[in-house]
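Note that chain A is present in both complexes that follow, paired respectively with chain B and with chain C.
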Partner chain A sequence: MKKHKMLFFRILMSFVVVLSFATSIQAGEVYKLALSLAITGPTSDAGNPYAKGVEDYFRFVNDTKLLGNDTIECTIRDDQYNNDVTKRNFEDFLDQGIVLYLNYSTGSTMGLKRDFEEEKIPVIPASFHAGNLIDSNYIFLPIASYSEQIIGLAEYVAKNHKGGKAKIALFIHPSAFGRGPVEDLTKAVKAGLNIEIVEVVEHGQDLDNTAMLKRLKSKEVQYVLCQTVQSPVATMIKDANSLGYAAKSFGEAGKITFMGAHYTGGNDLIALSGAAAENFFWTTSYRLTSEKSAGADAQLALAKKYGRDDKAANSHNYTNGIMVAQVATEAIKRVKEKGEKVTRSSLYEELNQMNGAKAFQADTTVGPVTYSKTDHAGVDVLQLYRVDGGVFRSVGVPFSSEYIKKIK
Partner chain B sequence: MTYFFQLVLSGIVVGSIYALSALGFVLIYKSSRVLNIAHGQLIATGAFITYALTVWVGIPIYISFFISLLITFILTMSVERIFLRRLIGEPIISVIMVTIGLMSILDGLIYLTPFGSENFSFPLFLPKEPISMAGLSMSWTQLVGVIITFALIGAFSWFFKKSTIGISMRAVSDDQLASMSIGISVPRVFGLAWATAGLSAAAAGGIIGNTTGLNFDTLHAFGITVFPVVILGGLDSILGAVVAGIIMGLIQQFAGGYLDGNWGLNGTGVVLPYIILLIILLFKPHGLFGIHEIERV
Partner chain C sequence: MSANRWLATGNYFATYKEEQRIFFTHTDRLIFSFFLVCVFVWPLVFETNNKYMLVVDNILIAMIAVLGLNMVTGFAGLISIGHAAFVGVGAYAVASVSRVMGNDYIFLTHAWPLMILLSGFIGAVFGAMVGLPAFRLKHLYLAIATLSFQMIFQWAINFMEFFNQGQTIYVGRAFWFTGEVGRNEHYIFWYYVILVILVLMGFMVRNILRTRFGRCLIAVRDNDRAADAMGMHPGLTKVYAFGLAGFFAGVAGALHAYLYRGVGVESFTLHHSITYLAMAIVGGLGTLNGSFWGPMAIKILELQVEKIAEHAGEIFPASTNLATALRPLSFGLVIVLFLMFEPRGIANWWRITRSYFKLWPFRY
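This part shows the complex of A and B:
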């Protein structure tokens, strides 16, 4: 009897050992990533859909076994746009053993830059501030910098303006985020870009922009280029419409054409300013769901799969979130394909090799994602959009800034 | 000269909206000596209620605006009843800390709704074309905002000067013990002060929301933006709120109109009100119309 018991015990133990091996093989590796951003608090109108994009895409990767049995575990935490909380979150994520970090704001990216260098961890922020890349090796911007976007808009103005030299004003956020492109645009003008910067306006909590708009009009400003968030732009274009100053078409004589970089536009601008948003020109590297494309269809399908409402599904910040998750996933996939271990260092190397034939063709952007040791701005091409009939529509084909290369 | 008068007009428009936003601070301070830190959240709440009634329920905006005033009136009265009434007689700092807590609670509740992280705008209900006269222009939104502001300020002034309840509120503000000794219900006065402050905040929210669009960050930030107005006018003076609001509006417009863009200056409209506030407070520490209390020891 005792012999039988022993035999049964041995069989049972062997079964447990085999099963645990099999399970561990089937479970695969878990790659830890993390994101700290403003899901609530200032700028959460951008952060909230961005977080949903990241979350949904990683869920999709795991659910559809895009990485085989390996999975991505991305911890997403709300920092309420508070840099102290972001730092605390980042330190906590490091303790968890993350291999890649997704950051959010310009302030926290600049503030944590030294930590990223010390930890040697690749970071993809939602901030496209060119200054993020100065004295930094580990930050990878998803798309062209704000500077490139503003210079790109200014180049479009210079090429398409009828009459002498176009007079422009910059309408910027009073922070590093807003001020970043001013110096670069000034450099581009010195390098020969045929526009005149008449004034740089740093906005506040303005309830009425009449004085500013009248002043710009008296200085014959024809184009206002905005580098801020949607709310102040909405108030300004409402006032301009009310005063009869807003151009109905690009460069309409005697009127002002309003244009802006990534965070000034999108459906949020239309939601805030209604009909006053008509003829607002906007540039970004992302595809929009208002236009048919494989990327837009995939985005809407993803949103539907994970039960997102229409507002999130059609937000360009949802696209933004999906795209950074796609880049992270692609880097992990390529490291795995090489048979290497997925670490901070291997992901960093892989991202730096994402160029030429190895450029990543993301369906969410208008051009390929390319990084190298000397270029950490992902998508280098931009698409110009214009509000027409209450939705953003493409204007022309994707373009890249010429002067950004000249001033580098 | 047209430019100058346009700046004056814009300054008065903006200033009157500041005055209405500041009124809520004054109404509470005037009767209870408490500074309500959650005032910006009340402004946002009023705007969001108006939007929800108009767009989601389908009530005409004119009616939903007045319903939102009523709802915010009841809401703030309830807040006072639940959280603040038990603090009567406690140190003022405790009450202020409760209003900070209230701010966090309201923030959290609003973030649970779509208003926390999405943007909206009121449906167009006024003519798009501005009112233009002699080269000056003003939007219909601004005109309606100014009319509502002055109507409410006039009503509150009358209420405090002529009505029995208003006089009771002033009496409580002067001396709670003496007021109680002549039969005034101090808790009731406090409740009413909060309720009227909520009402004025909702009105301000509706007007600001129609101007800037409905973005929670922008709306609740006005609770802080109007702070210099409240201090400059004197924390306990309705007239002070109006005068200081208009002064601030004019300063901002003139700074934006004449200083910004010249001599390398920028953003003076944001900074100048604070500089002027400091200078005035050096000479009049209780604000332009604040009461300087003399205590006999």
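This part shows the complex of A and C:
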């Protein structure tokens, strides 16, 4: 009887040991990441789909075991575009032990720059402001900066404009986000870019831009380059259409061609301005779902898998969110493959090595994501899009700005 | 005066001096001392984290700012809707030194108590200047003058290269006797600094109200013509009230700059001015303790609404606008409800509670 009891006890203990071992293998590591952004409040039209992109991609990573048994836990918190709240969220995330942080706005990224340096934490913001990279080691822009986008557009104008030097006006947001590219474009002009900057307009919350457009027309402005968000652009191009000022094709003589950087375009612009959006030129490094590509198909499948509506699924900010999550996942994956522990410093080093043969080929962007110690702008190439028949269609092949290198 | 200064249940003042005492009874003094010990000791007893310490520090700074606003609006009866701009003046005083001399300039990092005091005085100068129209303007017209200062402030910061066009101007880490205040102790260090300043400023207000200057403020608020007839100068009194409010706001702004280690214009907008006004109303205009209740109530409300909005966004993902509207909606609703049902603010609940315990077990 005693023998039986001992046998039973041994079997039980073996079972417990095997089970606990199996459970520990099953559990895997949990990598904590965090994102603070405007899900509600100002700019939430961009922040909301962005958050969904990040959330869905990390769910996908965990569901499909892209990192084996390891999982990513990304806390996403709404800051309502309030920098003080972002700061509070960031402090909370640090207490949670995050290894990588995804930030959102230009203001908060600039405001927290010192904290990122002190904490030595790699950060990928949704802001592509070139100023984020000044006196900063830990911020990694996902794609080319706003400055690069605007200079790229100006280069396209200089190359394709017929008849002398093109006259350009800049239509910008009254903040660091909007003003960033102005100085860089001015430098590019001084370096030889063949355009003339006639006026820089910092828009307010105008509901009518007639006076401004008439003024620009009287100054013979032919191109307006926008660095702001969609709604002021929509107001302006609607007014330009009402006045008969909007060009029907690029550089149409006697008319104004409107062009813009990443946050000016996308489906939201078309929804806001309707037919007036036709012939609006827009640049970004992201692929769009209006163009057939493997990345677009994957994005739509992801959105369908997690029950997102068409608006979110086709938003370029959803793409934006997916892309930063892809970069973070790729960095974690590479650190794991090296057999190293996933920490802030190992992720930072890994991101800095993401170049050359190790560049990350994201299917959501028109070019590879490359970072190095001296280059913290991810995708260096841009794609020009144009609204044609109510959707954005690509114009030409991806390009990169030449003058951005000259002025650096 | 009651023979027993521990259990006085009514007014037994025999002299004017007795009526002017800071604490009416020994019990009041004891409770206050006990409370003071608690607020100084709790971070040493309980585990704290940076997130909550940041919230607490923010509440304390708002209390200092609202103390100033209460001086001008509550005690002197002058509506100010540009108070955040005065706070901004204090913050930008620190930022200006940082901009000119560098963010690690020794005066900023080592002589920060002087810098805070200096910011207060700069705030007072701006406050007095903005108060100058009070010689000629009253009521809503004066409110518009303060609003215009708010607009001028925002415009100047947003467009002047010197102020980095509203972008963050960094402020270096402060030094204490033990050396540089590092990240880990940053919030707790500033908690104690802000708390000490708050207590001092609270007593300062209490003392001002005991002086003829304080009584002038109230007299001018209640009837400026009568005050004039009594020999007071209503115009100068109003300018003085604005100067005082500017001093408090300037100190709060400097503390904000040090706490956030940077200054950006987003923290001093019209929205913030309205929020300060709401704090003063909800706390109780014209009361000292209302300046403490209001910021606490509004900041906690903001935190709770944030949580609700976040949950609402998760439950109704298609209704982002609803979640966005929750904050201003709840904020406005609280102010309206207070104005309708408790215009004397939370301070009145405090008064009722105190009376109950003072009179207990009697009802009257």
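Operating definition for what follows: the second predicted complex is superposed on the first by the 391 of 408 C-alpha atoms of A that agree within 3 Å, B and C clash if a C-alpha of one lies under 4 Å from a C-alpha of the other, contacts with A are read in each partner's own complex, and residues count from 1 in each chain.
As a convention for this text, contacts are C-beta pairs under 8 Å (C-beta built on N, C-alpha and C of every residue); 3 or more make two chains touch, one makes a residue touch a chain.
Treat the numbers as computed from the prediction; the structure is a model and nothing was measured.
Once the complexes are laid over each other on chain A, chain B and chain C cannot both fit and instead clash.
Contact with both chain B and chain C is seen for A:S44 once the two complexes are overlaid on the shared chain. When the two complexes are overlaid on their common chain A, residue A:S273 makes contact with chain B while staying clear of chain C. When both complexes are overlaid on chain A, the residue A:D63 reaches neither chain B nor chain C. In the superposition on chain A, A:P174 makes contact with both chain B and chain C. More residues of chain A are in touch with B than with the other of chain B and chain C. By the touch criterion defined above, A:E118 lies against chain C but remains apart from chain B after alignment on the C-alpha atoms of chain A. When both complexes are overlaid on chain A, the residue A:R88 reaches chain C alone and has no touch with chain B.
In the superposition on chain A, A:V201 contacts chain B only, with no contact to chain C. Listed for chain B are the stretches 27-35, 63-71 or 99-107, of which 99-107 clashes with chain C, judged after superposition on chain A. 39-41, 44, 48, 174 are the residues of chain A that lie in the contact sets of both chain B and chain C, per the superposition on chain A. Interface residues of chain C, counted against chain A in their complex, comprise 49-51, 54-55, 58, 158, 165-168, 170, 183, 187, 260-262, 264, 266-267, 306, 309-310, 313, 318, 320, 323-324, 326-327. In the complex of the two chains, the chain A residues touching chain B come out as 39-45, 47-48, 174, 199-208, 210-212, 214-215, 218-219, 230-231, 234-235, 238-239, 241-244, 268, 271-275, 311. Residues of chain A that touch chain C in their complex: 39-41, 44, 48, 77-78, 80, 82-85, 87-89, 91-92, 94-95, 107, 110-111, 113-115, 118-119, 131, 174-176, 179, 309.
Residue ranges on chain B touching chain A, taken from their complex, read 3, 6-7, 10, 13-14, 17, 107, 111, 114, 116-121, 123-124, 128, 130, 137, 139, 141-142, 208, 211-218, 221-222, 225, 252-254, 256-257, 260-261, 266-267, 269-270.
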